[in-house]
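Chain naming follows the written order as A, B, C and D, and within any one chain the residues start at number 1.
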Amino acid sequence: MGKSGQLEQPLLRLTEVDASYGPVKVLQNVSLEVGTGEIVALLGANAAGKSTTLKCIMGSVRVSCGAIEFCGRTISSLSTTQIVAAGVGLVPEGRRIFTRLTVQENLRLGAFVRSDRNAVEQDLARIYGLFPRLAERRDQKGGTLSGGEQQMLAIGRALMSRPTLLCLDEPSMGLSPILVEAVFEIIHGIRREGTTILIVEQNAEMALSVADRAYVLQSGQIILSDTAANLLSNDLMRRAYLGV
Amino acid sequence: MRTSKRLFLAVSLLLIVSTVIISGCAGAPAPTPTSAPPAKPATTPAATPAGAPQPTKAPAATPAAQAQPAGTVKIGAAGPFSGQLSKIGQDSLNAVKFAVDEINAAGGVGGMKIEVVEGDDGADPAKAATVAEKFGTDSSIVGVIGPMTSGAVNASLPVYQKYNLVIISQSATNPNLTEQGFKVMHRICPRDDDQGPAAAMFIAQDLKLKSVYLLDGKDTYSAGLAGEVEKKLKELGVTIAGHDQYAPEDKDFSTLLTRIKSAKPDMIYMPDPDPSHAAMFLKQAADLGVKAKFMTGEAGYEKAEFIDKSGGAAEGAYLTNIGPILTTIPEAKDFIKNFTAKYGGMSVFAGQSYEATKILAEAIKKSIKNGKVSREDVLSAVHNTKDYKGILGAPIGFNDKGDLVSGTIFVYQVKNGDFTQLKSVSARGR
Amino acid sequence: MQRSEALGSGRGFRGAAHAGLDRLRDRLDSIDPRYRLALLAIAVLAVPFVLQNAYLVRLAGTIGIYIMLAIGLNVVVGYAGLLDLGYVAFYAVGAYMYAFLASPQYGLHLPFLLVLPIGALIAALFGMLLGYPVLRLRGDYLAIVTMGFGEIIRILLVNLAPVTGGPNGIRLIDPANIFGLNLSQAVDLGALRVDSVVNYYYLTMLFAAGCLLAVSRLNDSKIGRAWQAIRDDEIAAQCMGVHKSNLKLLAFATGAFLAGVAGVIFASWQQFVSPETFTIGELITIFCMIVLGGAGRLRGVVVGAIVLVVLPEFLREYSIYRMVIYGAVLVLIMRYRPQGLLGRGARWSAKKRQVTPASSISKITSSTKIEGPPGCTPDDVPMLEVDNLSKAFGGLQAVQGLTFTVRQGEIVSIIGPNGAGKTTVFNLISGLYRPSAGSIKYLGRPIVGVPPHKLAEMGIVRTFQNLRLFADMTVLENVMVGLHCMLKAGLLSIVLKTASFRRDEEMARAKAVALLGALGHSLIDRRDDIVLTLTYADRRRVEICRALACGPRLLLLDEPVAGMTSAEAQEMTSQIRLLRDAGYTVLLIEHHMNVVMGISDRIIVLDQGAIISEGTPEMVQNDERVIEAYLGRRRSWGKAAN
Amino acid sequence: MLGSACCIRVVSQQALPVSLDEEMDLNLALAQLPQQFVNGITLGCLYALIALGYCMVYGVLEMLNFAHGEVFMVGGYLGWAIISNLVLGVTPRTNAVLILVIMLLVAMAGAGALGVGIEWFAYRPLRGASRLAPLISALGVSIFLQNAVMLGLGTRSKTYQTMALIPRDMSVSAGDVTIAGTRILIIVVSILLMFALHFFVQRTKWGTAMRATAQDREEASYLGIDANRVISLTFLIGSMLAGAAGVLVGLYYTQVDFMMGYSAGLKGFTATVLGGIGNVQGAMLGGLVLGLVEGLGAAFISPAYKDIIAFSVLILVLLVKPSGILGENLPEKV
């Protein structure tokens, strides 16, 4: 895939998206694509606009101009509920599980938009199979879990909506190096099951190690986009983000 | 999403429509001429010699001759027209307006139409003083009905005095009010120390009861009256089984009643300014099986609110008032009929407000000189009211202090769902 | 989101109204403060002559009373962020104090000018009395308790009839008599006859102006900054040396004091007090004043007082519709202008509120050297000795049996997996938590139980993992909060704006600018911006500046490079090194292994609340247990950053 | 503080209503105990119903809905509209139980709609504004509703013909204790409603969504939970409970008036805080405790001081446990 190789029918496509908070512009002219079955990483410093991009995709921040298409359908005017129902799942930054709800309740909420009860029960069993630790603690309050377990729960919860596209916002944040590796293992596993993944990361090195392609955001604009392998050897990239 | 939006629209529409309807309903019964903006009379102080710097209109220097715009004269109505006490306030305001409409329909006073200026004080003394200042500076206002609460009168009296503006309060019963030497002060309601001792004497001497439980609602009216009753009862050797207080907004008397029940008094004396509140009390007393007799003050003198709302529990209750039963007085017949037809109910304060307005109008009539009315004249005319025969059934006159000349109190009992007069007691000059 | 637009109708008008109010606000802002003051003074003096109507002058006088009440409440609610719903009780205390001391009730007839300070001080005392027990409560809990207090006072006024006159109140109160001038009587000055209402108008305006001036000076001082800091972030404020409890009490007392002044004046004017005046309704009115005009700022409060005194008065003649309209207006104003009539919109636009005078930055160049910590310490004492430190939350053992030492001039890092107890250690050292067991010594002195603000004063200052800047304040103000302990000006000298106070402030500003210059070159230019508008990295820098302003010896940095790019992180790393070289001792929590391995003299590794390894970066990296629990076996760290 | 100091000098002047007379001693108070207990429970149930609305709204929006008391009042008036149409004089037109059910349903529906409407008009546009703005807006709504009802329906209270539905002799007596039929109705209906609410919040999908939204609105939205819907639902349920409480109060006190929301709201608010804001069980418990404190305080001290007693208990509880009886005492995350 070339540097700006247009995908035939990308699963997700952002075209020249702008977004702002009040008078402060946070995204300018952001275009990106995620193909079915890919892992795409969105890199950049804090406050570069990575999380805002995810929020635009999720419909919680409105784009002021530009379009977002998912499965060939424009979603930039849909509500978050509709977008989730359409098949986009998000694992938010800092995990943000519901600490006062039990593990099981957390997971069930993940399937909030679904009405196929039996399938939901099957998925629940599947998630517990994927994360046995969660099965052990299904009746505990989310707040009693350790950081790593909470991250598992957040991922499991997002999977409960059976997303076609799973967005992960800083999954490595605040985790020890050893846990970060475990999380990225899981991400690999999820992709193997056929879910497309968009991952936002500050830890560029780690993200590039799992991603197929990546985009680099700086001050709300995409300044680089390429395959992960190429970016790992890109000079600018190495200087600014890889700390080499 | 969409359905909820539609629901919101429907709800908001409902809200708006109901508001419109509500205001429409309320708009109908209030077609008084008040809605005209307060006409700025030509004689604002600016008309005084322009050269002399005059920070404000100096009240004493108010020119005696107050030219009125041809054909109208204004009176103020002050009282709690909003808030907790608006129940009695609005009733009185309606009665004032009702009286004025009647007068105007009959050609006004000496050819002049009367206009009512409303001054809502919400029973807050500070606001009452502001209202007084407002009425005072409007030189076309020559007399005021109200304020209704003793606190409001207390705070505003000095201001009214400053402007030499006569007031007739229809419900401020605190004895102090007329003891401070303010010439403008008049009232058309019994003083607590007329009504209280009379009630106490009736309890001790006629009913020969041994113990009484007193209740008051922490307001000037009921606290004052209950205090006077207590004083006299002690004097007469009656046991005070207890004296408790409740808040005017209390709905639940069960805790209080349980306490009363165990004290086993012969009678409960509870002069609540809101008769429906007293009715609620009686009903709960019946529910709890409290057997004591019950007595209240003149505010209970409203059949619909007191007797009817008690669901029969008021049967046998006693109350005191300054006049005989209104329904038995021929002069009051039309008033009662028309007023209740228009406003649906009538409290004792409505009758007193109506009477006060008529007295004030009469005084204005007497004071018209060359088409002009001065406050001094109205004040002295009101003050000199003697043997005025209105709807209250007793001739009204004011003594030097501004109190009613007659201190006679009538005692009633509720029998067969209506008030029956038992006797009259005079405690004055004890 | 776009819901307000969805409403559609009347948008043009609304837009125009908004723009008009904004313009009015900006125009008011643009007038030179001195002219503004002079214009205002003239206007206030002229009111009775212009109005020529005792009723309107009385209203104006009433506005004066409400201004005092509203700015007092604003100190508590707007500045200190304490939702005080019992405020009206202090008004009552002031009024009844005057009624007790200057009426036939007890036969006392003390002069007005004597009772005024007595009443105000007793009200302030009541303020502290209420404030003290509720210091621990927050937000709405505080609201209900204070509301209960207000109700209790009101009920006592009613119930204790023999003392307070009960529902009948107290009558025949003496009028204010100032140097032989009886204010309740009209004054004859030859051709000029001044009505008593005018006397009282000037009296209330005089005191309202005095209160405004005093409060605005308090607000522009270290006290105002500390209040705002507490409101924005109580914990961060404490860690910057702000004595939370004292300042909250001061806010309660100041508010109550003003209410007391208003009460005394009110009682002397009305010459009658009764409980009917001091209801929750009155409180609501005052409350609306401070929100309606534009919460938090004095000008808005004054506007709110004017609007809410005048608006119901306009409606008074339509009595039965009055309250309906009043209620609807409140809702509509809030709906269409939630920031208040003269308030500003979103925080984003709030910029350059007050510009730092050039004088205080003239001497500063962009790369001032970092100053060392104040004073000198004996070399042989360790900076920090932690012995057998444990902390449990309920059943959860967050930290157990920690023992370590930090020597002077070291950079020591604490690393470990999430939930290992790193931040808990910081919270214990900085006094936010009390340990369940163990001891902490700082320069040889035990510090367990010393409150955070005291520790900050002693030289233990920290930053926070999730950035706890005072979000509504400018960069410079944030740093100046750090200087809180250094400023010694007392309450009186602030209110009187003495020379020493002004010198103090000038010094503080210069020092803050110098710090900004030393740490981040771009920060000086942005010193008057609200911190929220800064980039993440800059905010981190401001937080460190603020910590340095406290004059620390031991700096606790909690993930100082989190959220920075590698380049920014490297810059920060070298700055931390410079700090160490300047003489600061640094204790660091960080996940960024390149940074940790690069600058640490020693590293402590925590896992599940216990130390599993301690030593130089090399030692730690090769410790099997660390690799097992934390680092993983991927590769080695640290070479790159060196 | 002031109280005790003042009492000393008062006693010498005149016997205060506060001080119990010699003969009306502890025994007398103890004799009242069972009845006061029943009184307290009834009151407590009503407080709890009102408190639940405050509590749920606070949980989700972290705002004090000062207009809640007025929703309760409107519920009372709606019940009156039904009962005055279905009861002629003292004879019910149809089955009494049916009338009671219709009253409750209509009042709950109307109050629920009103609550949702208020949120939509007066609070929703203010999300994201300062915390004080919705507070003022709520006060405005409260003032507006109170006075609009007064304008539309007059200042006089409206009478419930309760006796036609629940005759006075339908009461249970045991010794000195009398429990009127209306009281039994209040207790039964309240407990049923509270159980229903508990089931909804703890066991259903939307109830879980509500709890999730209360904790983290943004995160809940990423799971497809429409926060606006949840908030509307919260207002709907809370207001429905208040509407039911309005009818029960009307039935028990046989009168409703436009001011009744104010003190009921205050009590509900107090009960909420007492139990721990945002905690549903806490609100129920807070209501009961408050009712009992009032009942017993009136028995042992004085009805005149019952509010002071209630507030003092509240203050004491909060000083010991700053987040209410059942409130979570979370240490703030640093």
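Here is the rule we go by: a residue touches a chain if its C-beta (ideal position, glycine included) is under 8 Å from a C-beta of that chain, and two chains touch if they have at least 3 such contacts.
If you're wondering where the values come from, they're calculated on a predicted model, not measured in any experiment.
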item: Pair of chains joined by more contacts [C-beta pairs], C-D or A-D; value: C-D
item: Most widely separated chain from chain B, with each centre as the mean of CA atoms; value: A
item: Mean-CA-position distance for chain B and chain A (Å); value: 72
item: Centre-to-centre distance between chain D and chain A (centres being mean Cα positions), rounded to whole Å; value: 45
item: Distance between chain centroids, defined by C-alpha means - chain C, chain D (Å); value: 35
item: Centre distance in Å when chain B and chain C are each reduced to the mean of their C-alpha atoms; value: 49
item: Numbers and ranges of chain A residues touching at least 2 other chains; value: 79, 81
item: Junction residues of chain C, two or more chains touched; value: 159, 320-324
item: Touching two or more other chains - residue numbers and ranges from chain B; value: 1, 23, 26, 82-83, 90, 218, 245
item: Residue ranges of chain A touching chain D (in the complex, touch as defined); value: 58, 60, 79-81, 84-85, 90, 92, 96, 98-101, 105, 108-110, 112-113, 157, 161
item: Sites on chain D touched by chain B in the complex; value: 17, 21, 24, 28, 31-32, 35-36, 39-40, 42-43, 113-114, 116-117, 120-121, 147-157, 159, 162-163, 168, 171, 178, 180, 182, 226, 228-229, 232, 249, 253-255, 257, 259-260, 262-263, 294-295, 298-299, 302-304, 306-307
item: Complex contacts: residues of chain C adjacent to chain D; value: 3-4, 77, 129, 133-134, 136-138, 140-141, 143-145, 148-149, 151-153, 155-156, 159-160, 162-163, 235, 284, 287-288, 290-292, 295, 320-324, 326-332, 334-336, 338-340, 393, 423, 426-427, 432-433, 464-465
item: Complex interface listing, chain D residues touching chain A; value: 205, 208-209, 211-212, 215-216, 218-226, 328
item: Residues of chain B defined as touching chain C within the complex; value: 23, 26, 30, 34, 38, 44-46, 52-61, 81-83, 90, 93, 117-120, 122-126, 129-131, 133-134, 136-138, 149-152, 154-155, 158, 162, 174, 176, 180, 218-220, 223-224, 245
